[in-house]
Amino acid sequence: MKGHKVTMLGTGLIGLFYTRTLHGQRNRDRVHVVYSRSQERADAFARENDVPNTSTDLEGAIAHPETDTVVIGLPNDLHLEAVELCARHRKAVLCTKPLARNAAEAKQILDIAEGAGIFTGYLEDLVYTPKTLKAVQAVQAGQIGTVTWARSRETHPGPHSAWFWDATQAGGGAVIDLGCHCIEIIRSYMGKGNRPVEAMAWMDTLVHPIEAEDNAIALIKFESGAIGQFEVSWTFRGGMDLRDEVAGTEGTIWTNHFLRTGFEIFSSGDGGGYVAEKAETSSGWLFPVGDEVSELGYVDMFSDMFDALESGRAPRETFYDGYVVNAVMDAAYRSAKTRAWEPVELFEWRGGATNRIAKTMESHDGQIVIKRELLPDGRSKLILKDPASGDFTDRIVAG
Amino acid sequence: MKGHKVTMLGTGLIGLFYTRTLHGQRNRDRVHVVYSRSQERADAFARENDVPNTSTDLEGAIAHPETDTVVIGLPNDLHLEAVELCARHRKAVLCTKPLARNAAEAKQILDIAEGAGIFTGYLEDLVYTPKTLKAVQAVQAGQIGTVTWARSRETHPGPHSAWFWDATQAGGGAVIDLGCHCIEIIRSYMGKGNRPVEAMAWMDTLVHPIEAEDNAIALIKFESGAIGQFEVSWTFRGGMDLRDEVAGTEGTIWTNHFLRTGFEIFSSGDGGGYVAEKAETSSGWLFPVGDEVSELGYVDMFSDMFDALESGRAPRETFYDGYVVNAVMDAAYRSAKTRAWEPVELFEWRGGATNRIAKTMESHDGQIVIKRELLPDGRSKLILKDPASGDFTDRIVAG
Amino acid sequence: MKGHKVTMLGTGLIGLFYTRTLHGQRNRDRVHVVYSRSQERADAFARENDVPNTSTDLEGAIAHPETDTVVIGLPNDLHLEAVELCARHRKAVLCTKPLARNAAEAKQILDIAEGAGIFTGYLEDLVYTPKTLKAVQAVQAGQIGTVTWARSRETHPGPHSAWFWDATQAGGGAVIDLGCHCIEIIRSYMGKGNRPVEAMAWMDTLVHPIEAEDNAIALIKFESGAIGQFEVSWTFRGGMDLRDEVAGTEGTIWTNHFLRTGFEIFSSGDGGGYVAEKAETSSGWLFPVGDEVSELGYVDMFSDMFDALESGRAPRETFYDGYVVNAVMDAAYRSAKTRAWEPVELFEWRGGATNRIAKTMESHDGQIVIKRELLPDGRSKLILKDPASGDFTDRIVAG
Amino acid sequence: MKGHKVTMLGTGLIGLFYTRTLHGQRNRDRVHVVYSRSQERADAFARENDVPNTSTDLEGAIAHPETDTVVIGLPNDLHLEAVELCARHRKAVLCTKPLARNAAEAKQILDIAEGAGIFTGYLEDLVYTPKTLKAVQAVQAGQIGTVTWARSRETHPGPHSAWFWDATQAGGGAVIDLGCHCIEIIRSYMGKGNRPVEAMAWMDTLVHPIEAEDNAIALIKFESGAIGQFEVSWTFRGGMDLRDEVAGTEGTIWTNHFLRTGFEIFSSGDGGGYVAEKAETSSGWLFPVGDEVSELGYVDMFSDMFDALESGRAPRETFYDGYVVNAVMDAAYRSAKTRAWEPVELFEWRGGATNRIAKTMESHDGQIVIKRELLPDGRSKLILKDPASGDFTDRIVAG
């Protein structure tokens, strides 16, 4: 069982999570080189995570002869340069979310990578949470019928590093930081072939003294008529709230990834200690998760990436998906300014066509059945519409 | 302890719930006259609910000499006429939700009632659920700081009576039927004095073969900058989903009124039987509520109404509130057509003024503190913004 | 709608809860006289709860000419005397839980009340929570088949008044205080006619410097073979934990009465304020209930008591039930000493006989079917036992 | 990153789960040989799980020259023989739970393995669930103070293979099958050095036509005075219920491993499909888990086993632990017969000594403080015990 040797770019929280995942359990892939702008941080990271090589030279780290894959865990404004170097050195490249600060930059990245023909993966971890993977499978099996609505909510009290708060480096605020997750979760439920057509968004800076939005809500209309909805916030209090909901014609799915996962602790505060990412307290009722890197999708994400790389197939999340996410966010940002729906502009759509959600059409005695309810006595109550007059009536029928 | 004698207009599901509430526990108010268009239904209702008098004459029922209060549980298009008759006979009148089919009709109702000087109450039950009452109290006490966002979700597989499905009688679809609840719940969290300024809505008829919308999402912007959000659906599968969420600068509140209330049954299907309003099955995992009329707010609602009537104060929910709800729904319907934000148009605003949500402004060494995180070693990590350059930096400080 | 005028004995927490219930909503019964050993406490109580009369004379309060019903909310060692006075003055009497400190004392109380022929009710509120009432109904309807096991858990950080901690006044510790609730909840699920036969208990004083037990676990075996289990504690941290579970041959029921009822607040601590009985904090994640007196069963309990009194029937919980509870607790206390199962000794059993839980007996090809599992391909896997050899085998069959 | 090559003994459900875990994600250890009594089952298993070698010869499979580790996934009565062969061929051996059918047999296994000096691991997966690992860490850090009570519940509708139901092959019923998990979970919370002293158990065969117990409850008393409690059942309806609870002097922990993990699906039944191990339905409300082999502890268990093997340390769960579990179960079985507490008999105790839980001893004005409650006005209410008279009183004090 041979594994991969990886160059990790970045020593922030995301680089740490990625590395812990790769070095966790009995995994066979390892971080072999870590790059940071600061030698001190690179050294500390290497020491704490048992990484044999460090570098403060971006190109050198990428070109390192013993690694075959580069993982980008850098601020958003540095993704393009890093991908260019990967293309030059023909390394497989896995880039953290969002792919870029906007669709134009994402297109550049996509073009470079596709031009070079290198393997690319978009590290959208929340699409890979074990719950989401199984839920998407249930949707694809038809267990909830045709999807009509999906909600993705990602809120917490704000990111841990300074650059996130700087709209220039980041490309935006809570939408760029968190909305990118939500969009891909929603697309996964809608079906990747279901084109996002339009977006409408509200954004505001309510609490923090910054330029970027700290709260936003967006709606995304899909070709099938289904609607996606996301809520992101950097002002949420209570921890990190990651919840998704999907409704379909035959069912519904609710997932809670962080704050209510069947693990509850009450503590008077004795013992202290780390509870969970972005938890606000260490006393009172606490809601940790079992294994963060597994629950947040990192384990399944890297499994898919390396398995795809080895078998020559595309991973679940590609740079093209990252590009689509940026295009949806661009539409949302435009809508927040124009205060109206804005089209999602894509240079090309690779997903095919999706039919409109079909209306149920049952008839009874020449009338359209609007609803059928089972009564306690075993009979059914029908709500009927007369196709000629348009009148609605109730009728009780046997069976 | 003397109680009130009530004329109940309507024998549908809502009339039944109201009557069961009034006749429940050791309550001292009673339905004394029940009106239906059909004598047969009136008789059946009177028999099953122990009501001494029936009538198929609307004015006669309202004018009945032994009742002092009229409860309107009729289809939406009949509210105006009923209120006119109550005004004529100077009866206290409590009207089910929504007050009217649109704001113009609601204004007519309001004018008639205020002109006659009769006591009026708007029967918006979900504002009175015990959880909502206590949650609003917590908000008013400042336990979650300043409210930034409120979400109200009300979805189920569609209403039980034919007239709901007919846009002419009802005035609309899922928004008119369910959105009216959500708007008042949101207003209760925002503060009744916080003016709803604008609305944006998506609506569609996705599943049912009807003209009215069977799914809708709306955003409501308030004077404070806070945002309300509601989701309504007649195509939800899984029962009746009533959930509200509120976020504030110091906390958050989640309430679940129906499907997850700490009461869970698994049944192989033996025994059958009624589980809960709008439940879809009687086998597998079932989620009943303890006492529906209490949990859904009916008990507290009528207590407030009759206590208000006796003490000469306004109840928590007045006809003016009902009018505001209609005005917000009108804006939402307009927005669904114009595909842009629409102003909430009110003939007058009785709620006063509300300040914009205040931004937190802490400074450290001449820098603006964006975020403060407690580290495991007891020190704090500050994210700082330089007021001159606008640059963001991290800094670790003691304490 | 005429109501009852009540003499309330006791101004502690339980007297307060009872009075708030009677004076809550649009209830038609009222506390007319309140008795306390201290005039100061009686006056304060009367003022805060709008009670017209006070007394420090127990017999005078009971004999008050304008009241027809006496509610006993006194320490356990005073129940007998109070019931004697009610019998003498022929008042209906409702007594708080436990009925007495032990079965002998409970028998005295029962004999006095039955001898006088007065109406009696045993105020076991937790049997009357709306969830429990509906759950018992589901059990009686057969929705979970035959009950095999019931668990009742009542734990909190310890009672609020000094006398509870004094084994002489109280008759015991956590078992007497909390176990009495659990026993009646368990009996309600088992069927009141299902005789409790034996008890086994572990008790210990683990944390508090007292003589009485602060933790206990007991098992109760019923005539049907079903097993009851309760856990009580005065050392639980995290609030008041009231949960019941029932398992049957066709299903299961889980109820949570206090800490997880679909109402969740996160608060940084701003605003402070009362959250819920026995809550430990006012910051972090908090779990209030909507309407405590309703959720804890007080409303339905008094409705049943007064309805029973008016209609001449027995209430759901009688003094005989209280006596059985004491007899079960006596057996548990004996078992904690003998470290073995102890019989539940009853001077008479009024509940009839109950059959042993029936074993399922399906056969296939002359073999006994132990288990039938549906396979994904539509076939069934049978686990079979050969009646002759006693050997077990797997077999896959169609359908 | 070199991995291990494993001989897997057994192709039942447990062998499948083990193999899926080893072959899952980017794991570096692989099953290299699979043994079954039936060549057909071995071949099918090898094909479906990509295992290169099969065998129907137990010793041959164990002695296979290319494998270094043997995993025993056989019926309980075959563990001893398999361990003997592993000892003879000096292979590292990992044995599924329970280690043996009783303590005497477990002692034989232990002696053989220790005599041969081979590496041994006891495959008690539920101690390794990510939630349990983190919860045990929280306990060890003191976050809930001193543990006073732990409950472990494992119930489902009965095992999938015939041999489980045969008391001769299995060594017992639900206690042997499920209680072994519970005991080790409880010991993990109590501290492995906290000696289990006595056990008391109720067992019965309520529903299935078998000799072995299908329901049991047991109490286990530990040297510290703390009490463990487990409930096992083969007659539970609703899926597989795996819940643990721990109470301590400073807090509490609740974990739910299967039925309520923040993943909820409602399905009308369309799409069908596999939901979760031991789920009873594929319609209505369903509660899958994200990644079964991770959530159930298999991933962390094998990581610990192989990491321990490589680093020469003992794994978290050893054959000695398995022996202790059998000894506790033996005591429980004896207690079910004698109907009294029975000592846990151990040939030697390797865990050291544990102090009795300390009573809190705070004093105020020469009185013992029994309880301290914070009042809404900021003052405290003390419940005091006079050390001389033993009398209890309430007192309100500042602060």
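Labels for the chains are A, B, C and D, by order of writing; each one numbers its residues from 1.
Operating definition for what follows: contacts are C-beta pairs under 8 Å (C-beta built on N, C-alpha and C of every residue); 3 or more make two chains touch, one makes a residue touch a chain.
The structure presented is a predicted model; accordingly, all values stated were derived computationally and were not measured.
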Checklist outcome for this item: Check: chain pair from A-B, A-C or B-D whose contacts match over half of those in C-D is A-B
Checklist entry - With chain centres set to the mean of the C-alpha atoms, which chain is at the far end from chain B? => result D
Checklist entry - For chain A and chain B, what's the span in angstrom between their mean Cα positions? => result 33
Next on the checklist: Can you work out the whole-Å distance between the CA centroids of chain B and chain D?
Outcome noted: 48
Checklist entry - Where the CA atoms of chain A average out and where those of chain D average out, how many Å apart are those spots? => result 35
Checklist entry - Which residues does chain A have that touch at least 2 chains other than itself? => result 144-145, 237-238, 250-252, 266, 268, 273
Checklist entry - Mind pulling up the chain A residues that touch chain D in the complex? => result 1-3, 25-30, 129-131, 133-135, 138, 141-145, 250-257, 260-273, 282, 288-291, 294-295, 299-300, 302-303, 306-307
Checklist entry - In the complex of these two chains, what residues of chain D are touching chain B? => result 237-239, 266, 268, 280-281, 283-287
Item to check | Of chain B, residues touching chain A in the complex | outcome: 144-145, 148-149, 151, 155, 157-158, 160-163, 165-166, 200, 202, 204-211, 215, 217, 219, 221, 225-227, 229, 231, 233, 235-238, 241, 247-252, 272-274, 338-341, 357, 359-361, 368, 370-371, 373, 376, 381, 383-385, 390-394
